[in-house]
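The letters A, B, C and D name the chains in turn, as written, and every chain counts its residues from 1.
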């Protein structure tokens, strides 16, 4: 096998990059095989990775014609905060793997394009480096093994004007990622994470202990920890990774202000319920204005439209913006957001929906059956 | 990559051209890659392009045997007008791309074969050039940005004996056609369109305006414009591109006399409801004799039969006749119509249906379930 | 393209021929491409050809264990006639194309294996040449354009001890067979058919006449003709090709004694209802002991079992025995029957069904849902 | 064709063997084509072989988050016997084909890993050679043609501390295995089976006898034989291969204490009901604590989880541990069990289920629909 020739990031956007699929093809040329496998791969047989994409193709749009759309726009509001459009950047760690400017580049693109940036705990960029007076930034927390260490990060996020706290709850154990393991994936030697160690220290096991149940599970957060955090911060707390309607109800009872419905991009639990299904289950049990964000498989503007029609307040994109980052840094991320935003606007126009609140279940064939 | 060798149009039909699929293969040899991508491509991931074809294969026919069919025939009547058979030519613009004789060749074939020709606003052939005393021609209108310019075309169509007006309403914005864009498609320099500019001038945008909502949407027609046109012409007005049953009801309320159920060949809104489904939804909400024409994915005579069984009064073919046009001009178009007409007649005979009105939902397995 | 090397028929059976699929592969080596396309091909896009096979794979068996099967056997009785097993040979014409001994070879194998042979009107072998005192032979009639010519064949069949009359009613017009037409299929010059001309002469068309409705349909039989034939013969009349339950009821009203549910091997009307579905629809409207034979896609003993569980009294095989005929004449046909019979017996044993009458809907998962 | 180069078994585990799929690829390198075809193949068209795998991918998991799992574990109890985890080794005969140490190697790995070993009647290893004081071993009985020979094996199993008796009832006749037959599969000359002849002698057939019904079926066991065995032994009797709910009820009436739901790995009756479906049917008709073990298609820890959620008390693995055996003997088997156990534990953790009894239908999307 010959060594792969890795291209440096581009400094301008070539004309043939027109869709997220184009960026996916391009990005691979700018990454090592190991990093590419890390980015693209998912848990076990990657059924969920594929299903996250397939589910959108199976939903049929039912457009209305001849409506007056001249007052149209893409603005939304969540928990009192206004956003110019519903395309948010999902929390993704270790972005230095994809581009030397890492999360700083993604954040810059988000700022320019009016996207809400959700910064990962595993960021290589210090959360204090993001533009202070841009309110379109949320902080994502991975539980730090105990309450005090976790709270310290929350307080730093508060101090630096992050406007919401996203706690990821679906991965107390890392997924079994065949593709990653076959590539013997590891983070680069000496990679800096300003806010967290790469691995939280585990409790010592006694003989006969299960490494899973008496190890990792001892440092995983529980509902009590969520309730405690909610009381310690004025930031609205949003849970990422809830897919069960009973957990959605528990979240509300524990003071949580919103949910991100996600199967973690198919990277944790293979054959997990598809997030569009979970969204519909959860939509039925929460108040109509309770924020439900959607994460998973968005590749086209019409996917955004469908997620919103099924109940989402906004959507997160993950791999798509990393394709942009790997291809051309901040410029690439900005272009990826622009592509999706334009596709979303054109879809709105073709569907006869002037505003995001006009996007309802009745816009889908499934909604009138 | 070597330059593609483009064959000139044929002047007689070789024996191996027996089906629409044969013509599809042949046509590609007579067109540049760019024009081929334009013709074959559809919106985004082309889910709808494929679905338009697939939907017919999933419908099972339930034939009757031993009936007396000696009085049979394919004649139909729509809005008081008689047609020898229900195969109409869909409005397709810019036909000079496919053959130098453009729409004139298609119209000649339609006339010879008794097909109703629906001439596109974007025709390269002047509407006044079609045979005056052939009543089997309708005019298709793309909204010209304002009422007066639109009406001028309607009046010209009236004056030249077009017998109905088809207004296309499903594409206020062009589709996002990946295949076309990857080929950097453009119309030939200097191509003549006698009835319309290629692009209607857009209103000027102010700062902060959405290019979609405050641009194209400002020159798109609304229901009020349809009502106005209906009042200005004695031609029956038919809307092309309606797929929602509520829009079908609005159309009737605004004086529209018929609908063409279509997803624009999958070229505008990808994953739009499949037109056979839309036909069934709309059939339920209109009077039994309200004309519903079907457009999308017809490739065999049995497809025509199925669309009629599900409620269509007639069907439009699009790409199939362009395959004929690219292959052999008027001769090719005529042969394509002949193939479909013969397949349709044989299907009728094998199904035990003597006349088009005998073709009912009960002819399909789905109709007796 | 080099000429295909066509192998002569084998005179003994090699050990690797163990399944019908093996015979299919082998048979192709012994036939010209044109004849192979004729044999394998079906109508139009061959959806029904594929569906006839697929439908069996989608049916799940639900076996019973630990039953006493020592009294088991495969004998059946239809219309008072006893058969050692339910595997019949479908009427297939022009068998000289496949082997010089034609239907004579198939009939010999049927006789040896206890299979009921249904001899085609288009036989190259004279019906009078089949063994007189073997009652396991039925005659298949294609309508001869008028009553007298048709009756003459019926009377000859009576005189030569055929025990039932099968009238094929599903193909008043030949199917549109793309594969055949692409091969420019034609029967060999001078092929002899002792009982019928290859084409019945058509009535002369007047100007404006439809060639289908005023041509072939004028010489097609109707229910009146069936009733007339029933009155002219003491043979039980069985219709082949009925798939609609209302036609099944009409058949009974016209004196028909049994039906062969068939879509003609997918060779006439593509996307016709799958015969297993039709069997289930018809089973619901006929008396419990009314003979329903099944034809289409049988390739394994378990397929026979499934057809019987869904209501069939016996099954016809078509292409499978022609594979045997092309491979090794009578020897090949006999081996094909033997393979299917053994597979059927083993399936019965594994299913816990001692006799054919024990094979009921409850043997399938669908039967207990 | 060149001779296949068969690698000797490995003596340590290379790092790239991380999943059962990895072991499948590796195992093929260590076996002759004939033995590989025997191992991998199934009955007829292998629809059931593929379906056994596919069925798991179609089931969606519905995880709970933020639960306290620190008291978790994988222990189970069946018929009063405790097992450290629910992964059992299915009875597979003739293991000398895969590794010279045969069942002795598998049993050693099972013992080390706490897996329950179900030793086959067709073992090449004497049942008396397994470790006496390890209670995690059951004996599988193939009926020996008569009661006394069968009972002799049961008494030997009792005497050597096997703790349950598994009687396989789904294969009174061997499956029709195309792949095996095409490879002209045969056991090695002189292979030793300490407990049974390879073929039970058949009763002599009279003329006209069916070889199936009057041959093999005469030496097959019936419900009476099961009742008799139950009375002769203090071991709990478990039937393997029951899939019909009425047979489950008969089993309970005849004194059977548990069932293994199985379609014999797709090796006996092709298109047999998928065992996960059968499990659900049977679960409805037995008492809640009646042991139902699941066998078929387990390849991942999440498959184990799903089978248990649908009602299984434990699962059997078959081909997976043979992949381990062929690759590296006892070491390979142990590693295969370890992989599945770890995947199962991680799945439990990600699903929020602390104990095996917490795994319920509500853990699946299908369980809350």
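One rule holds for everything that comes next: a contact is a pair of C-beta atoms (placed from the backbone, for glycine too) under 8 Å apart; a residue touches a chain by one contact, two chains touch by 3 or more.
Everything quoted here is computed from the prediction, not taken from an experiment.
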{"item": "Interface numbering overlap (same over half, different under half) for chain A and chain D", "value": "different"}
{"item": "Copy-to-copy rotation for chain B and chain C - C-alpha atoms, rounded to a multiple of 5°", "value": "90"}
{"item": "Rounded Å distance between chain A and chain D, as computed from the means of their C-alpha atoms", "value": "42"}
{"item": "Chain A and chain C, separation of their C-alpha mean positions in angstrom", "value": "59"}
{"item": "Contacting residues of chain C [partner chain D, same complex]", "value": "15-16, 18-19, 21, 56-57, 59-74, 300-302, 342-343, 345-351, 354, 365, 368"}
{"item": "Of all residues in chain B, those that touch chain A in their complex", "value": "44-45, 47, 169-173, 175-176, 178, 181-182, 184, 210-214, 216-218, 220-223, 225-226, 239, 241-247, 250, 268-274, 277-278, 281"}
